[in-house]
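For clarity, chains are labelled A, B, C and D in written order, and residue numbers in each chain start from 1.
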Amino acid sequence: MTKNFIYKFKIYYEDTDSGGVVYYANYLKYLERARSEAIYSLGLTNTKLQKDYGTLIIVKSCNIEYKKPARFEDELEIISSVLTKTKTSFTMKQIIKKDEETISEADVQLVTVNKEGKPVKIPKILEKFLN
Amino acid sequence: MTKNFIYKFKIYYEDTDSGGVVYYANYLKYLERARSEAIYSLGLTNTKLQKDYGTLIIVKSCNIEYKKPARFEDELEIISSVLTKTKTSFTMKQIIKKDEETISEADVQLVTVNKEGKPVKIPKILEKFLN
Amino acid sequence: MTKNFIYKFKIYYEDTDSGGVVYYANYLKYLERARSEAIYSLGLTNTKLQKDYGTLIIVKSCNIEYKKPARFEDELEIISSVLTKTKTSFTMKQIIKKDEETISEADVQLVTVNKEGKPVKIPKILEKFLN
Amino acid sequence: MTKNFIYKFKIYYEDTDSGGVVYYANYLKYLERARSEAIYSLGLTNTKLQKDYGTLIIVKSCNIEYKKPARFEDELEIISSVLTKTKTSFTMKQIIKKDEETISEADVQLVTVNKEGKPVKIPKILEKFLN
């Protein structure tokens, strides 16, 4: 991943609620899509990571702040970067923007675990993504 | 299952869209909840069905008609019954109502399969549900 | 819309269920995204259609057949075309494919309505889409 | 609301992902359901709050920690309580439990706004809920 990984997406009917804005839980879906796309940009997939490295990336915590509402048919982008890392975890800053305006901002702590859910060392293949 | 199995539920923000009504895909979630609750009413679970009988119930087709919109904070019920069955499949009629009014109506064809996805005979334990 | 409108998308974690495949209700989300993208390809949006023409497109019925499961990180496409139309409604055939294989196939009946939900004549601007 | 408001719910197929566990964004749906049910327990609805008091409750931030995975067909409960309040906002602690075990824990900051999205004084009718 480059310093800032950018993912663009659109708001469809499925994303909105009767308040006329994007439903607050759905932002976590977009954050996850952006993280998956960051992995794809390395030539990796979550499936390969699991099959070849026995590793899954799970979310340990998510701290999200809602600043402005996003609306139906908006075109948004997420700018993701790595804030900190340890041997078995890393924290990402993910900013959701509409044009130049910040819609929402999240700090997401991720842990690499094995199939039994135990933390394991972050695979070397992910290092490019984390530096 | 008795002739008609009844499942009651409420519409939360997550269920609605910016049109102010329940998003059309979400009705299929409620139909599935109602079918799961019908299974629970037999003292069974999908998990047990899979572990003890090696059987999963999958949806082969769904034909749903939207008659009236449901709205935020509506209280709805689904009346489910079995229309027809074969050795490895059955079709259910599921009617979603608000008070006495039909909101939506679906015919859902279900197949019992093994872990490899091949159709298998409907387990005896489900017979009560199907007669 | 050209005769066949094509929409491509990916399967993320949010789309799958514990059966390891795409959850059956989610296909209706993709069908709706594909229909929205078809509208965007005309230089239109649902929002403009509502503001400038007082028209919403609502789903009257959906008949979907599930042929093969789609899985996490699959890349799929939807091929949409108009089957039939009346003055106030039209039916689309939407085929979901993975490579050359049909995953799912749906007939979706759509109605153009005004803000009160009454059927209205399909706006001229949509004619390109329907012929 | 009593000091601790309790909301019970079940995990259906729609809630899980191909990792075999509840998808991380979905917990925010349950938190919102629990908050809506707390409002219903006061004899109120979100709809009434909007119509009669011109007030909506929106989420300003959500800080959620995932401690244990929840799984398909689990029966969970959410224990919600108010941590702090100001004139126009309040923060809730919401703990998701399976039996005696904490699955997830969230601090959610909520703001009462008018139809234009401007913060307004928390309506008196909500005071019972907040003390």
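To be clear about the criterion, a contact is a pair of C-beta atoms (placed from the backbone, for glycine too) under 8 Å apart; a residue touches a chain by one contact, two chains touch by 3 or more.
Predicted model, so just to flag it, every value in this text is computed and none were measured.
When the contact pairs of B-C are matched by residue number against A-D, C-D or A-B, over half are shared only with A-D. With chains reduced to the mean position of their C-alpha atoms, the one farthest from subunit A is B. With centres set at the average Cα position, the gap from subunit A to subunit D is 23 Å. Rounded to a whole number, the gap between the C-alpha centres of subunit A and subunit B is 33 angstrom. With centres taken as mean Cα positions, subunit C sits 27 Å from subunit A.
Counting partners per residue, subunit C has 13-14, 19, 25, 29, 32, 72 as the residues that reach two or more other chains.
In the complex of the two chains, the subunit A residues touching subunit C come out as 12-14, 29, 32-33, 36, 45-47, 72-73.
Looking at the complex, you find that subunit A touches subunit D at residues 19, 24-29, 32, 56, 58-66, 69, 117. Considering their complex, residues 13-14, 16-21, 23, 25, 71-72 of subunit B touch subunit A.
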